[in-house]
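After this come two complexes, each holding chain A, first together with chain B and then together with chain C.
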Partner chain A sequence: MLKNSLGLRAGLLSVLIFVAIVGIWQVATMPTAASGPAMDPEYAKLVGAAAAAGSKSAMPTPADIGATIWKHLADPFYVRGSNDKGIGIQLAYSLGRVLLGFGLAAVVAIPLGFLIGMSPLVYRALDPFIQILKPVSPLAWMPLALYTIKDSAISSIFVIFICSIWPMLINTAFGVGSVRKEWLNVARTLEVGPFRTAFKVILPAAAPTIMTGMRISVGIAWLVIVAAEMLVGGTGIGYFVWNEWNNLSIANIVTAILLIGLVGLLLDQGLAYLAKLVTYPE
Partner chain B sequence: MFKDPFDPKALLGRGGCSCGGNHAQADHARLTAAAVPAGEEDRWNRVVDAAVLRAVFPVDAQRRQFLKTVGAATAMAAISSVLPLGAAREAFAQGGAPEKKDLKVGFIPITCATPIIMAHPMGFYSKQGLNVEVVKTAGWAVIRDKSLAREYDASHMLSPMPLAISLGVGSNPVPWTMPAIENINGQAITLANKHKDKRNPKDWKGFRFAVPFDYSMHNYLLRYYVAEAGLDPDKDISIRSVPPPEMVANLRADNIDGYLGPDPFNQRAVFDGIGFIHLLTKELWDGHPCCAFTVSKEFATQNPNSYRALLKAIIDATAYAHKQENRKEIAKAIAPANYLNQPETVLEQILTGTYADGLGGVKKDPNRIDFDPFPWNQFAIWIMTQMKRWGQLKGDVDYAKVASEVYLATDTANMMKEMGLTPPDPSKKTIVVMGKPFDPAKPAEYVNSFAIKRS
Partner chain C sequence: MENRPLISVEGLARRFGETGQPAIFEDVWFGIDKGEFCCLIGHSGCGKTTILNVLAGLDRPSGGAVIVDNREIDGPSLDRAVIFQGHALLPWMTVMGNIAFAVSSRWPTWDRAKVRDHAMRFIQLVGLAGAENKRPAQLSGGMKQRVGIARALSIQPKMLLMDEPFSALDALTRGMLQDEVLRICADTQQTVFMITHDVDEAILLADRIVLMTNGPGARIAEIVVNTMPKNERHRNDLHRHPQYYAIRNHLVEFLVNRSKAFDQEIAAHGYDPRRPKLVKPGLSAVNPPAEIVPLTTTGRRQ
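Coming up: the complex of A and B.
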């Protein structure tokens, strides 16, 4: 009962905050009455409405944004040429790239993390490399990738791969390294083979930590894709943002921001659900 | 420029027309009236016929004798009975079959790329039997890397870029060629509205400027302009390389004081009430090159027919864009999100040259931007003198040799002749920048003649 009412109150507060933000935004972006000197009508016809009134073009109002979002959601899968596709298609391109890059990273990171976690020697030897490469921004990788791989599609997948590999690698190694010694000793006493130990004892024990690493990684991958696509262009939600930046269309950019956030949330929740499946009570 | 050699009334000298166009007065009516597709076929047919006649009668006197005796119509009929003229005409119009039909051409969404872009919606590529995909690209460094990676078969570049790539300045040296210029003029210096009373460049000390790329006419022209006013572009102002779409956003955020950039972003700053047009670059050098259509040497030699078809489409589209009366239609064709993604009125103001200047006035300059494909070698030499002047190019350069290897004036001239157009005389180009004449035969002296320079 108490929990319910807390949820209810939190929901209410969320709605209030939302209304307040939108309200302030609306007031702040309300078109002001023309204040500048009267413009030559011929001139006014050639410039935007704000410039004709003697000011800079303003931020769009929440109502403008709402209309733009509706326009995109009503027709998300149109194709009007190779450089103009619906927002649904762009999101699908980005998701495809993220899943590919992230999947490849998982395929490499989890076995490698296992290896590193099981051998303190390897862990120590590889640690400096991991620590140096981990904080590198995706945009720093991009020129190198384009130069060496010579293919922009593979380059953007590579950038996702290289940025999302580290949390999984470190978490897997950490999870494997911190499996309770008693469990390993029990397995050894029962003369369980090394492969069986790995799959039946270590993997289930480390699974929650590995899943946490994957969850961090997919978040990073989704952050990276927007930056990578803005740089490389062509397709994807990052390209959409860049293309609308070209047009200085803030309403379209805000739409894209909201959708990017929504998809990121869904990815995160999906992995959180998977993580729940592998947790165990101690 | 696009003279019909078979027209007895055509004046072959290179005088200018009173309309300001790059053609003779006598050609004005025809050039500004006839639509391309209709005139074209006739022109090509005449070229083929002439070639066949020349082949049948190698001695001109015999041809004239024969024609006089039987009449032109009978002669043609007689020849076509043994030689399928129709098929010859068709084969010529298509060139050889292109080795590669599906091509990718990269472009940056600016009005300089107009011929490359409009050739897609307006069917200039498909007329040559090509299936071209025009791919919007995020910036000059990316278009360079994608081109070097062979992802694009041809691409839109800034006219100094093929020189820089061939010379290995800013990248590994790869032989790159530029068979056609896209646009001449068409750039501007835009300043933030707060600098309305600082119109003299001498007052610009400490200004922060943006140009699209280090290897761009924009960079060289801005440096030239402020240096003429006595400012050192490396010490007294700062110039940074900013992708064109970000220029307006940066100007709005007061991150820069102005830029010498490509359109539509000069006009866009006016449209959004952020800046004003200080001057058009044509006021610095009327007829300067800006962007270019480029291919790697490898593509041109491996796919000669595709290359020729592509170049034909570009020359064709450039000729179409050159005509004032087509400009509104072009603005409409390239405005959608698939191409430039800009308000149509902005593009129309740029292409027609009737524009709001951002200071409350409406200006008219039909040559604000113009389109002329001929890759004068003198342009390349001037660009290299500026690369040298600002220290981008070290050591000795054989200016004329590099220019002729990269700017394929001969190729373009031959192609124009084949298409029945009259190429200009490649040696006759005068370049005057801000009142100072440039002698392409003496590039080193030119570099040395400047007071402010790095080398």
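Coming up: the complex of A and C.
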């Protein structure tokens, strides 16, 4: 009973915080009767008649947000022209790019990380490249990608690829390099060949570290895709956010933020689950 | 050609760093006969584990060689199984998985069922039937070391190499495992080389006890022949055996005093590193000095 009570109290506190935030938000966005100071007519036109009159802010109330979320969730996959697609479709585009770029990065990073972890020579040879390229913002690659690839969709996948490769590469190399000597000695005394040692000893031994790298990578990739799509445009949740900014539809932006967070959470939890499968107690 | 024992350690030396540095050990010569249980005793830092690793093929000597079956050791071999000090089980595999990994390395063409059957036999041999699907983390220290022993035996090696296999265990578990190793080695006629720093363990298990002086520059001081017959060595009444204290005192005297002052002994009596002196302190106990009156007068006399 006492053990449950911590979870119960935490849940209760979460609900209270949520209610408080929504309450403050509601109060802050309540329409005011008094007319505000005179406004630049250009700006008034931009933000809408109600806001210009001062009676209503462009900031939606929680109820507006709720209605918008409901509207999006009720029909997530509609297509009404190239600039008006359902939020589900936009998310699917982003998710597809992330998984493609991340998958390609894994295909490159894990074998390469294996090589770096096993060979001190390769480690030392590649270390300067990794150290210089790792801290570069992935978006800095975008112009180069656009120029060489000449395709905005593939360029954004390339940006995801380049940002998710580093954590996987470094973690794989570290995991492989720090496999316990005695486990390798077991394989040596049993005259196990290099490939069998790699797959039966080194890979399972390093798997938890590799999975941690993949989890970090997918998190970064999901952060970067929003920014990348804001740049390249066309489709995707990042483009959707930018488009709604141009429409000054704050409710749509808030909806998108919440959904981006939710999808990021699911990606992270999915990889956490996979990591748990390969973790071994010592 | 000289008649060599199964394992012949010839002039082994090991230096760390550049040549010219003092060796950890040098000019080490001894042999291990087939079916013999040989213990190596010495203080920490005399290179015991390095010698075992060279025998296992995991390490290379700076000088000398180890000859097995008239061939120089140049790498690890399935013929020489190692029981590691820290058991070295693969924690992501079950008990069965760990042993099956060794079995399928030994006989790559065997199918799954045959590998499992064979592995199961050795799990039963060390008394772990029923625990085969457990992971190492779920086992006690003694059980883990049993799995290590089963893994080493399952590949049916020509010899077993053990690096202080029981040092991490509590006294009760250690005793039980010593008994089991004694039984299994007697049953399988296994040739064993074991490192220990436990004098009683050496007397209980070993047929010959190789004594090493302190490093750097460690060498074989002498080889003590355990003259207590195998069938008279039992853990519970070892101390009642008439030869026991003579052998034990000899070993303790060596470890406490002689191991660090062996150079003076060499100067006084001469020393041939190729033929370390064989000593039989147990036999002097047949006619014990007058001042030592055994508490039990029923001791077996030879």
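The criterion applied here is as follows: the second predicted complex is superposed on the first by the 258 of 282 C-alpha atoms of A that agree within 3 Å, B and C clash if a C-alpha of one lies under 4 Å from a C-alpha of the other, contacts with A are read in each partner's own complex, and residues count from 1 in each chain.
FYI, contacts are C-beta pairs under 8 Å (C-beta built on N, C-alpha and C of every residue); 3 or more make two chains touch, one makes a residue touch a chain.
Note that this is a predicted model, so its numbers are computed, not measured.
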Looking at A:280, would you say it contacts chain B, chain C, both, or neither? Reply first, second, both or neither. second
Check whether A:25 is in contact with chain B, with chain C, with both or with neither, and answer first, second, both or neither. neither
Applying the document's definition of touching, compare chain B and chain C: which contacts more of chain A? B
Contact-wise, after the overlay, does A:42 reach chain B, chain C, both or neither (first, second, both, neither)? first
Which partner does A:190 contact after superposing on A: first (chain B), second (chain C), both, neither? second
Applying the touch criterion given at the start, work out whether A:205 contacts chain B, chain C, both or neither, answering first, second, both or neither. second
Using the touch definition from the top, list the residues of chain C that touch chain A in their complex. 56-58, 75-78, 80-82, 84, 86, 88, 90-93, 101-102, 105-106, 135, 137, 155
Using the touch definition from the top, list the residues of chain B that touch chain A in their complex. 109, 133-139, 141-142, 145-146, 148-151, 245-246, 248-249, 252, 268, 270-274, 336-343, 345, 349, 355-356, 360-362
In the complex, chain A touches chain C at residues 182-183, 185-186, 188-192, 196, 200-201, 204-205, 207, 278, 280-282
Given the complex with chain B, which residues does chain A contribute to the contact? 39-40, 42-43, 45-48, 50-51, 54-57, 80-84, 143, 146-147, 150-152, 230-234, 239, 242-248
